[in-house]
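One chain, chain A, appears in both complexes that follow, with chain B as partner in the first and chain C in the second.
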Partner chain A sequence: MKEAVEGEKRAFMSGNEVVAWAALAAGADFMYGYPITPQNEIMHYWRRLAPEYGRGFLQTEDELSAGFATIGGILSGKVAFSATAGPGTVLFQEPLSMAEMMRIPLVVVIQQRGGPSTATVIYSQQEVTLACFGGNGEGLRLVYSTSSHQELYDYTIKAFHRAWRYRFPTLVLGDGYQAKMHEALTLYNPQERGWGKVPAEPILGLDRKGSVRHLRNTFSVEEELAETLRRSLADYRKAAEELVEYEFLGEWGGELLVVAHGIVGRAARAAVRGLRAEGRRVNFFRPITLRPFPGQAFQEALRASGGALLVVESAQGQLGRIIKEALAEEESGSFQTLYRPGVGITAEEIMEAVPL
Partner chain B sequence: MRSWKIVVAGEGGQGVQALAQTLALAAYHGGLESLYIPNFGIEQRGGVSLAMVQLSAAPIGAPKFQIADLIVALSPRSYRRCFQHLGPETMVLYDSSLMEPPRVEDQVVGLQAYDTIAPEAFAERVGRHPRREESPPPGRRLIAIPASDLARKHLHPRVFNMIVLGAIGAITGMVELELIKEALAKKLDRRFAKDPDLKENNFKALELGWEKGTQAAKEAAVGAEV
Partner chain C sequence: MSELSMPRSWNRESKPHRFCPGCGHGLVLKALGEALDQLQLSRRTVFACDIGCSLLAWDFFDVDSLQTHHGRTIPVMVGLKRAQPEQVAVAYTGDGGGYAIGLQHLISAAVRDDAITVILVNNTTYAMTGGQMAPTTLLGQKTETTPFGRDREETGLPFKGPEALAALASPEAYIARGTVSKIKPLTKLLVKALQRQLEGHFSFVEALSTCPTNWRTNARETWGFLEQVMSSYYPVGEFPAGAGAREEAQLTS
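What follows is the complex of A and B.
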C-alpha cells in the first residue's frame, strides 16, 4: 500500500478533506458511503484520492447499507470506515448497534447538521445523544468530539487504532462548520509519530489454530445476553480509564467552570481567556471523549471551580444530560442504582438493593 | 498588524466563496492564521451567499463571529443579511455599480437576527427596519468600488469578484498582492494552464482592484466613489 503522507507538511484545507487525508494516512483500505450534506466531500475526496493509493470506495443505496457494508469489509479484515450526518446518523444506529453487540471496530465520521429530521444542512451539535447512546443498547461506543482541523486529523487516525484495539465502534463527531471551514493543520505520517499499523485481522473465518470463529448478536435466553453484556460492560469500564481525554484550562479557587465540546469549545476557550484577562477566575473544561465521559476529571475541575457550572452547546441540553449524569455520580451517596440490562428484576432483588 | 474579521455577502454565482477562500489561502501562505467558512443555503445558484474570513497573527477561536471589521456587500439583499454583523467601527466595502450606498445608521448597527430565517423579515417584524439614507453619515467608513462596471468595461464580467478581492487585499493590508495571485493560481492551476487569457484577466482584475483599494484606503473622504 502506497503511503499517503510522507514526513510532515502544513496544509490549508476543508475539514472534510482533512478526514479523507487522515483515513488515507491511517492506512484505511476502504470507504463505504451514501451522500448527505455536510459530509459529502469526505466521500468525494476519498473517491478521488483512493485509486492513487490502492484503496477502494463503494457508494451503497442508503446509510443502512453503507453501515452494514462497512461491517462486512471489517469482518474480512479490512480497515473500513464510513461517514454520515443528520438523518443518516439515525439510520446508522442499526449497524452501530450490531457493532456494539458483536464488538466490531466500525469507524464512522459524523458531521452534525441541524435537526430533527431534514432540518438544515449547515450545523448543530444535536447528534451527541445519537452518537453516544443511539442504539438499542448501552452505548458501548467511543466518541471523539473534535474542535479544530488538527484534532480532526489526529482523532480520525486515532479512531482506527482505538476501534481495532478495544473492539468498540468508534465515532469521530465533527459538525458542518468543521466540515466546510478551511484552516491550517499539519499532516503527518502516523507511523513516524509512533503509531504502528492499525491492528486489523479477519474477524470471521478461521482463527490462528484453525477453528471457526463465531460472532453472535442473537441469544436464546435472557441470561446468555446478560452474561455477554456483563463482559462487554466490564471491558468498556476498564477501557474507559485508558480512553478518556479532555482539555482543562484554569486552577483551584475558580468561581465558575465553563463546559463545552467540539467547535463550541473554541468560542468557550476564547471567552474564558477574555474573562481571565479581566481578572475573573473562570475555568474551562472540554471533554474530548464524550463517551466514555471523563467524569473524574470533570468532577475535579468542578471542585476547583467552586461547584458553579455553565454548560454551553449548540443543542438543547444533550451535553447537559451527560454532565448531569456525571454530577449524579458525584452525589452518589443519595443516588443509588440497580441496573440489570436485558433481564427481569424481582421484588427480592430490589429489597436487597435498598440500603440498610 | 491587526486582525480582521471579514464578511463577504453576495448572490450565489457571483464568486463570493471563491473570493473568500482565495483570500484565506493567500493569508495562510503569508504565514498568518486564517480561517474561512462558507454560509449559504441549499441553492446552487440564486440564493444569498455569505462567507466569513478571519485573518490574524494570533490563533483564531470560533469560526463565526458577531461584529465584523469589514463587510463586503455585493448585492442589496445579501447586505441586509449582514446587519447582525454591523458595529459602529465596521467598514463597508460595496459594489457601487450593483447597489446604492448601504445603510449603516445606528438602528441597524448590531441588530440581532438569525441568518437562517430571513433576518430582514425578522428586522421588520420587530419594527427596526432601517430607514433609507441619502448620504452616508459622517464617521462611517463606506468604500464604493464599481467592480462590476470596471470588469465589464476593461476586462471580462466574470472577473468582477477578483477586482473586489484585490480591493479587500489593499484595504486590509494583511496580504501581499503577489500572495493573492499565487493563491489564485494554485486554486485554478488546471484551468489557467488550459487558458492563459483566463489567468491574465484574473491577474489584471486583482491589480485593478488593488489599485482602487489602495486609493480608497488613502482617501479619508468617506463614501467617495473611486
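What follows is the complex of A and C.
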C-alpha cells in the first residue's frame, strides 16, 4: 500500500479533507459512505484520492447499508470506516449496536448538525447522546470529541488503532463548523510518530487462522446475554483507564470550573484565558473522550475549582447529563445501584441489595 | 452422496437443527450444503444469516458464519465481498428481511451486480415473530395481522421478488425461484447461483418453503399449500435478468 503522507507537511484545508487524509495516513483500506451534509467532502476527497493509494470506496444505498457494509469490510480484516451526520447518525445506531455487542472495530466520523429531525445541516453539538448512548445497549463505545483540525487528524488516526486494539466501535465527533472551515495543521505519517500498523486481522473468512468461527448476536436465554455483556462491561471498564483523555487548564484554589468539549472548548478556553488575565481564578476542563468519560480527572479539576461548575455546550445539556452522572458517582455513599443488564430482578434480590 | 447423508459442509455438532418440525429451512440448507459440496466451496465461503427464523442457521454449516440484524445480511456480505473479492459470500434471509425491511439492499446489490449469492426463503409469513403478514403472504391467506385473510384493497398484491429483480438487475445477474418440494432442481439452481458469483456477478435464488407452525396445517395441507397454492402464484424457474438494463446499455454504449 502506498503511503499517503511522507514526513511532515504543513497544510491548510477543511476539516472533512483532514479526515480523508487522516484515514489515508492511518492505512484505512476502505470507506463505505452515504451522502449527508456536512460530512460529504470526506467521501469526495476519499473517492478521488483512493485509487492513487490503492484504497476502496463504495457509495451505498443508505446509512444502514453504509454501516453494515463497513462491518462486512472489517470482518474480512480490512481497516474500514464510514462518516455520517444528523439523521444518518440515527440510522447508524443499528450497525453501531451490532458492532458494540459483537466487538467489531467499526470506526465512524460524525460531523454534527442541528436537530431534531433534519433541522440545520450546518452545526450543533446535539449528537453527543446519540454518539455515546444511542443504541439498544449499554454504550460500550469510544467517542473522541475534537476541537481543532490537528485533533481531527490525530484522533481519526488514533480511532483506527484504538478500535482494533480494544474491539469497541469508535467514533470521532466533529461538527459542521469543523467540517467546512479551513485551518492550518501538520500532516504526518503515523508510523514515523511511533504508531505501528493498525492491528487489523481477518475476523471471518479467508486468511484467518484457527477453526471455523460462528459469530452471532442471538442468545437463547437472558443469562447468556448477561454473561456476554458482563465480559464486555469488564473489558470496557478496564480499557477506560487507558483510554480517557482530557485537557485541563488551571490550578488548585480556583473559584469556578468551565467545562466544554469539541469546538466550543476553544471558545471556553479563550474565555477562561481572558478571565484569568483579568485576575479571575477560573479553571478549564475539556473532555476529549466523551465516552468513556474522564470522571476521575473531572472530579479532581472540580475540587481544584471549589466545586463550582459552568457547563457550556451547543446542546441542551447532553454533555451536562454526562457530567451529572460523573457527579452522582462522586456521591457513591448515597447513590447505590443494582444493575443487571438484560435479566429480570426479583423482590428478594432487591431486598438483599438494600444495605443493612 | 446418498439422499440420507448430511452434506460435508454441514456442521454435525449443530444437528439435529433448531427449526420446527415440517419447516422448509432444513431442506433449503440441505440443498445449499450439497451445492457447496459439489463446487468444493466450503473453505472459501462466508455464510451470513438474517434475523427471523433464518438466524437459527448461525452455526448450521462448517464454514465461517455470521448472524446479522434484520434485513442487513446483504449489506454486510456486500461490504465483505468488496473488501475481499476472493471470498464466496452467501446471504441467507427470509421474505421479510429481503422483501420488506431490507428491500433497498437487495435491489441495490442486484443493480450494482455485487458478486454475492442471496438465498431468500419464502414461507409467506413472518414466522419467528408469530405469524404476521409478509410481503409474500397470498391474497386471502390468514395471518395474525390479516386475521380475515389478506385483502388486496388494504395491502396490495403479494410481492414477486425474482420477477421484480429480473426487471432491475444487471443483465449478468442470475435470478431464479425454486421450491423445497423439488430439492434436486433447487440444488441445481443454487449451484448455478454460486457459479455466477464465482464469475463475478450477483445471484439470487428464492426458495418456496413451508411453515406448518404458523400456517396451522398438518403435513398433507402443508405440502398441498406449497405445491398447489404457492407454486401457482410463484412460478418456479429461472428469470433472465436485465431486459430493461440491456436496452439501456445499448443506448449508452
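Here is the rule we use: the second predicted complex is superposed on the first by the 350 of 356 C-alpha atoms of A that agree within 3 Å, B and C clash if a C-alpha of one lies under 4 Å from a C-alpha of the other, contacts with A are read in each partner's own complex, and residues count from 1 in each chain.
Please note the rule applied: a contact is a pair of C-beta atoms (placed from the backbone, for glycine too) under 8 Å apart; a residue touches a chain by one contact, two chains touch by 3 or more.
A quick note: this is a predicted structure, and the numbers were derived from the prediction, not measured.
Engineer: Have a look at chain B and chain C on chain A after the superposition and call it: clash or fit.
Structural biologist: Superposition result for chain B and chain C: fit.
Engineer: For A:I345 in the superposed arrangement: first (chain B), second (chain C), both or neither?
Structural biologist: After superposition on chain A, A:I345 lies in contact with neither partner.
Engineer: Mind telling me which of the two, chain B or chain C, contacts the most residues of chain A?
Structural biologist: Partner with more touched residues of chain A: C.
Engineer: For A:R266, decide between first (touching chain B), second (touching chain C), both and neither.
Structural biologist: In the superposition, A:R266 contacts chain B only.
Engineer: How wide is the angle at chain A between chain B and chain C, using CA centres, rounded to the nearest 10°?
Structural biologist: Here the answer is 110 degrees.
Engineer: Where does A:F12 make contact in the superposed view: on chain B (first), on chain C (second), on both, or on neither?
Structural biologist: first
Engineer: Look at A:T60 in the shared chain and tell me whether it touches chain B only, chain C only, both, or neither; answer first, second, both or neither.
Structural biologist: second
Engineer: Would you check which partner chain A:A308 touches, where first means chain B only, second means chain C only, and both and neither mean what they say?
Structural biologist: Once the two structures are laid over each other on A, A:A308 reaches no partner at all.
Engineer: Which holds for A:V121: it touches chain B only (first), chain C only (second), both, or neither?
Structural biologist: first
Engineer: Chain B to chain C: minimum CA distance in the overlay, Å?
Structural biologist: 27
Engineer: Using the touch rule from the top, collect the residues of chain B that touch chain A in their complex.
Structural biologist: For this pair, the touching residues of chain B are 21, 24-25, 28-29, 33-39, 41-42, 60-64, 116.
Engineer: Any idea which chain A residues touch chain C in the complex?
Structural biologist: 29-30, 32, 56, 58, 60-62, 64-65, 68-78, 80, 94-95, 98, 202, 204-206, 208, 212-218
Engineer: Residues of chain A touching chain B in their complex?
Structural biologist: Residue positions touching the partner: 12, 37, 120-122, 177, 180-184, 263-264, 266-267, 269-270.
Engineer: Can you check the complex and tell me which residues of chain C touch chain A?
Structural biologist: 11, 44, 46, 51, 55, 58-59, 62-69, 71-72, 75-84, 86-87, 104-105, 107-108
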